[in-house]
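Next come two complexes built around chain A: one with chain B, the other with chain C.
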Partner chain A sequence: MSQLNLVIIVCLGYVLSLFLVAFFAERAAAQGRAGWLRSPIVYTLSLSIYCTAWTFYGAVGNAARSGLEYLTIYIGPTIVMFGWWWLLRKLVRIGRTQRITSLADLVSARFGKSNALAIGLTILAVIGTTPYIALQLQSVTQSFEVFAVAEFGQRGENSAQTGFWVALGLGLFTVLFGTRNLDVNERHHGVVMAIAVEAVVKLTALLAVGIFVVWGLAGGLTETLARIDASELGRWDVRPGRWAGLTLLAAAAFMCLPRMFQVLVVENEDEGHLRTASWAFPLYLMLMSLFVVPIAVLGLESMPAGSNPDMFVLSVPLSQGQNGLAIFSFLGGFSSATSMVIVAAIALSTMVSNHIVMPIWLHSTGSGASFSGDVRDVVILARRLSILGVLFLGYLYFRVSGGGTALTTIGLVSFAGITQVLPILIGGIFWRGATRIGALSGLAVGSAIWLYTSFLPSIGSGFAFFEALQSDGLWGMSWLRTDALFGIEGMDPILHTLLWSLSLSTITFLIVSLITFPSPLERLQGAQFVNIFQHTAGPRGWSGGTAQSEDLMVMAQRILGANEAVALFEREARMQGATGSLPETNPEFLERLERELSGSVGAATAHAMVGQIVGGMQVSVHDLMAVADETAQMMEYSSKLEAQSDELTRTARKLREANTKLTRLSVQKDAFLSQISHELRTPMTSVRAFSEILRDTSELSQEDHTRYASIIHDEAIRLTRLLDDLLDLSVLENGQVTLNRCDGWLYELLDRAAATAQGAGSAQDLDIRRTKSDEEVWLSTDLDRLTQVFINLIGNAHKYCDGDPPKMWIRVSQDADQVILEFADNGSGIAPESRELVFEKFARVADQKAGGAGLGLAICRQIVRSLGGEIRYVSSDTGAVFQMNLPVTLRFS
Partner chain B sequence: MNDLEPHSAAPQREPLFLERDTYRRRRLMDAAGLLPFVVVFLFSIPLLWSRGDEGPAVSVVIFYIFGVWLVMAIVTAIVSIRLRDTTRVLQDDMTGHAPE
Partner chain C sequence: MGKTVLLIEDEPNIIEAIRFLLKREGWKVFTTSDGSIAVQEVRQRQPNLVILDVMLPGKSGYDILRELRQEFSADVLPVLMLTARGQSKDRDIATQAGVSRFMTKPFSNSEMIEAVRALSEK
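Up next, the complex of A and B:
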């Protein structure tokens, strides 16, 4: 079997094993046995996609050309990792709490979810990554060619074809494992596992080649060092500016490259992994760069002049007849290329589909995201097409550029392109004053300078127009020459680009941010991003399905009640076919749970609560506003309820009072009935008895006859009076009374009433005190009825006042067209419990002196009311006081 | 609604002095923050050396750079591993504005 065919077979076998690794990792993750997939070591190894084929092959080439300068590409990320406390920790925390899916997503989220920024960044990322993908394809085809040259002694004719098949295979792999699931967290266990395996392969391959070179070829460590010092690379001769610039470039690229952001932030399972990676990844980089110089030096020594130093890793073992080692080394390079392409394609496709395809699709269908299944399909399709599109672009660039340029140069151009994000990224997460307009302007300025000074010259070396730009500047203006902006010549091209693009874009970003005003959403997001450690309660590790279910259960119990929650969860678990009582937290279950909870606490609140437990996701402004709305509604409702309940309490109190009064009235009525029967019966008994005597006794003296007859007469009068009173009251109450208006002086009425009451009175005289001058009030009303009231009041005092001696004061005052009369005595007054009832019919205040039928005050009140006034009992210390308001002139209604 | 409260809660006043354990953790966080500056400084030292024929042999530079690399990785590892317990306890106040 020929060498080349062996390589192809090994290569296919390797790819197949990667498929298997990814497949089993996905399956393990789906079955929840993914604990080992989430170890910090896997995370660290996945970061190794930083080391692409550019590093694997190109570092040696770089070292062969410029000595130790290649180290800057590794030292940059090393410094970033050592400084994880400052930057990466914050980035990862933001990424996890805000559920960031890509670099573009992060930047656009920070600047008020600006779609323009996201689109700009996506385009920049695609432009910056395309040459890099081309670079990987080129390195794979070149490495194939090394074997072809070794076997057939000539360059293969089908490099373009090789590139095509590699691109297609990678596309297939990425589509299969990169878009299998549309996970909210955008994590791909299969892919991460595969690239972790590839990380191990490429490291061991490079170490194997290095060990072979040092101990197999050069003959030991000291020998190797001596040969290094003796070689043309043996002097320490770096340009400090380029050293610092390239270190900065590599550090920036490490954070800003879409694929690095994907593995660093998006695929991060646990913030704690960063702690391990902070020292383990620098070690990995150190090992990757350890043998680069020996390989370069020995390659330069042993290989014929003019051979490509970029391929020394492969050609040196091959030229020494170490075919097995060469194939292993080839696999290392292949791993570097494929893992980079896969992750870059995933990262870019996420950006393209989320920020370009989906907005356009949603806009064109105009339907909004109401059909979730529909959108999922569209998103997955968009992802797949984007992956294939990105890879096709890379292939196109590879074909157009012809694969002639040295690998390092293309890599640096790419790095410089994506570095334009750095100012707005750093500014965005550390400075609350950064605004969307500022970020857009800064990005635009930086990208334009990069395109003009770095990207166009890199692809345009064969075109007259671009060459004219380089020598004469745009429109012939020499200060716009692509390698000497503003007339400053002699700078290293990449430093030139970096200096002008970063400085001008940073200045633009800062100044525009200072003079523009951010929208409320921008300010909110800015505060959240900058103060991320104050807003989030610590790293929320991935806690697995069961733990989340338990949390949800606890919450549901609080809201729904213990039994209902248990029943709900058991029902859900049965529906999912699970054996335990806790269901898996899949979207359907969460949706139903949310609906269930929203019945109790409102939809927005339920959403926020479930989100807090499940995703560690942030509550959006809209969510908060909805929560506030619901709360306001609830508060309004509860205050209404409170008012109603107050009213009910008041009504109930009134009803209770009324009931008490009714009960008392009923008792009084009963008492009256027995009283009235007694009152009627006593005279009736006398009348019957004396009339029987008159009838049956013949020898009565005239004197007795007269006495008995007058007794009968008196008793009949008493009966008549009682019946008159009852009739009178009934007439007054029914409002059928006819009032007879006359004019007269108040004191005349009182005189008359006092005389009448005294005349009919009892043994003890009532001392009535009056002030005549006050009583000179000319009344125009029913004087007879009014006199009746006065007689009644004075008579009552006469009968009931127990003062010694009994006294009565009649006070008169006038107010506008009203006259106010007060009848006060010095008795013991009326007991508090009876005060309300004195004006009721049949009310008898005191049992001890049975005088009338208890109708007097009731009649008084009816009369006063019909005269347009009011009479009431006023509580007082000194005795009973009746107060009466009366209009001076009666108005007929 | 309890879950939402931390976002709106008024900032609590932190104590001015801390217990010994917490104090140590704070210093560890300081160390973690200091590391990148030390690394930048150490990796910049070779730039001060003279270059070309008068400069040191490349093997010396290689020893220096890889030595720094290894030592700093070990130091970072020690700090990071000891910080492991810290992050759990001090979840909320890793803001850098900490009491001493």
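Up next, the complex of A and C:
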């Protein structure tokens, strides 16, 4: 069997075994026997996807070309794990409490669920990861070629084809194990287990090659060290700027790369695992880098000039006839490549489907955000398509860039791209003042500079446009040259990119954040993220069992009522085949419970409550907002009901009032009619009696005859006057009176009234005292009506004043445009209990001696009111005093 | 004969008319127009008949009637009541208070005479 075919078969067998590992891990997790899957060692090993084919092959190549510089790629993450573990812990805590599914999700959640940020980050991540995936495809393809060259002595012609098949195979694996189910936490036990196995394979493979090189090829440790000293590698100088830049880059990438975020934060089972990983992962990195220099040195020595140092790990054992070791080494490289691609594809597809595909789909279908089975299918489909799309993009980049660039360079371009997230990520979790607009601006500036100075040039010098950019700058402006922005030349390209992009994006982020204001949701999320350790308790384990069930039962009883809750739990327990009345808290039960509860308290509230009790999930701000929304809706509904009830009460009260008023009016009407009847019947009684006497009595004296006839006459007049008054009052009360404005002197009116009142009366003459000079007031009002009032007042005094001799004083004064008149007499006045009543209809005061229906003052008041004035009775010791004020000029309203 | 009637009424013209009619019938007519002293007048005059108006200054005719009935039964002292309001509820009130006969103003002279005769023959 040919070597190449053997490699392919071994390779397929290896992939198959990975499938099995993933499959069994997944099944164990589903059956709840996944304790060993959640060990800190597995977590640490899963972090090893940091070491991709770039590290496996490229580190040796890098060492062969640039000496110890390759170490920076390991120093960066080591610094992060050792020194910045608190930062990682914060990220992990935030990720767990906020149920973060990806880097884009975290950043967008921090900045008030900003879709724009999520989309921007997703695009950046895709662009930044694409070269990296291409890099993996390239390394796998190259490693195949190494075998091909060894066997056929020439390069295979079908490298593009190999790349395609590799990409497709990886895509299928990822689809199978990355999208088997939709877990809210986005955890993939099978995949994590598979990459842990791969981590072991690649480490042992590299160590095996190293051991072979040191002890097999060089002939021992001392010999090896001597050779290293002798080689050029030992003499390469360290460039401090580039070292610092690369270390920073690696450290930043370690935190920001989507795939690293996936394993570090999303797949993290327990915050405590970080403790183990903080020493175990640097140890792993150290082992990985242990034999890099010996392999590079001996590769340079033993291999023919011009051979690719990137492939020394493979080609050195092969050239020594160590085929088995070579195949093992190939598997190590293959593991590095595949594990990286799988996790990267999962991470990216989560972002793409959650932040790009789903919003578009939900928007275009116009359906609600309810997570029905229909939507689940769409999400899974979106994930699968995204995975294949990401891999296809990687393949495309691999084809376009043509594999012309060294592995390390591609990796650095990729690192630099994703590093643009760093300022807003760090700012977001440590600085409450960071705003969405600031983050967007910073990200945009950083990404633009990276695209221009790093990504575009990396696509290839084969394109004239890019070459022109590099030598002449955009539009021929030399300060825009891609490798010398603002005219600063001579910098290392990657350092150049990092310096400009990070500094400018950080400055933009800071300034824009300071001048913009965060929305309320941003504020809340900012507080949650920055002060995450104050808001959340320490990590809680999965307590499980009946304790949770009991808690849930207590809660359900409160919401559903005792009987219904017990019935529900017993039903569930029966369905699960449990013996007691408390069911296991498995996802199906929790889902049904949540649905039951949401009928009473709303979906968000139910979710938050169940989440709080089960699984130690913290209630996120988003949950609280949803709860608040629901509560607001309920309150709105209840306040609507309350308003309706208030309205009903008001209407009822109005009706009652109206009814009372009607009743009162009816009583008043009865009393009024009764009064009228009395006032009419009384004179008619006299009229009838005397007219019958006159008719039936023949022997009446002439004197009696005349007297009785005049009584009849007087009573008839009294009746007429009564009717006149009634009609008058009716007109005045209804406001239908037509006022007739004329001009005249006040004293003229009083003269006339006094004459009329005196003339009509039959009693003793009334002595009226007046001050003429005060009465020279020019009036413009209804003079006839006013005179009627005066006649009435004077007439009343005339009739009722019991002074001896009866006297009346009429006093006039003026106040602004009002004239004030007072009619006072020297009689005994009106009894206090009757003063309120004198202006009422038919109010006749006790003891009054003269007739009259008692309408006079009522009419007076109506007239004065219609003339814009008011009349009242003034209490006094000396007699009756009526006071009225009146506008000098009548204004028609 | 010497039959006496006390007329409790406040309208001078009506007093005059009734006085004229009853005098011709041979009654001795006393009058008062003040409700507050009406009961006292009855005690003093001991009339054979009382003619009582409802609306009086001082005290209403119903109140006077109720007070009278505490001392004098309908057999001893018939009371003819006059009212100018003439609603059925007035008649009810009067009946409950113990009125002997109830008349609505205006009345015909023959009606008045017939009523007085009927009451005095009892």
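Basically, the second predicted complex is superposed on the first by the 551 of 893 C-alpha atoms of A that agree within 3 Å, B and C clash if a C-alpha of one lies under 4 Å from a C-alpha of the other, contacts with A are read in each partner's own complex, and residues count from 1 in each chain.
Note that contacts are C-beta pairs under 8 Å (C-beta built on N, C-alpha and C of every residue); 3 or more make two chains touch, one makes a residue touch a chain.
Since the structure is predicted, the reported quantities are computational estimates derived from the model, not experimental observations.
Q: In the superposed arrangement, does A:24 touch chain B (first), chain C (second), both or neither?
A: Neither partner.
Q: Which partner chains sit in contact with A:778 here, chain B, chain C, both or neither? Use first/second/both/neither.
A: Neither partner.
Q: Who does A:430 touch here: chain B (first), chain C (second), both, or neither?
A: neither
Q: Would you sort A:215 into first (chain B), second (chain C), both or neither based on which partner it touches?
A: A:215 contacts neither chain B nor chain C.
Q: Does chain B (first) or chain C (second) touch A:715, or do both, or does neither?
A: second
Q: More chain A residues touched by chain B or by chain C?
A: More residues of chain A are touched by B.
Q: Per the contact definition in the header, classify A:279: touching chain B only (first), chain C only (second), both, or neither.
A: After superposing on A, A:279 lies in contact with chain B but is clear of chain C.
Q: Quick check on the superposed pair: does A:696 touch chain B, chain C, both, or neither? Answer first, second, both or neither.
A: In the superposition, A:696 contacts chain C only.
Q: Which residues of chain A touch chain B once you look at their complex with the stated criterion?
A: Checking each residue of chain A against chain B gives 67-68, 71, 75, 78-86, 225, 228-229, 233-238, 240, 243-244, 247, 271-272, 275-276, 278-280, 282-283, 286, 290, 293, 531, 533-535, 537-539, 601, 605, 608-609, 612-613, 619, 627.
Q: Enumerate the contact residues on chain A facing chain C in the complex.
A: Residues 674, 677-690, 692-693, 696, 711, 714-715, 846-848 of chain A touch chain C in their complex.
Q: Can you list the chain B residues touching chain A in their complex?
A: Contact set of chain B toward chain A: 1, 3-4, 6-7, 29, 32-33, 35-36, 39-40, 43-44, 46-47, 49, 51-53, 55-62, 65-66, 69-70, 72-74, 76-77, 80-81, 83-84, 87-88, 91-92, 94-95.
Q: Which stretch or stretches of chain C touch chain A in the complex?
A: Contacts found on chain C: 11, 13-14, 16-18, 20-21, 55, 57-58, 84-87, 104-110, 112.
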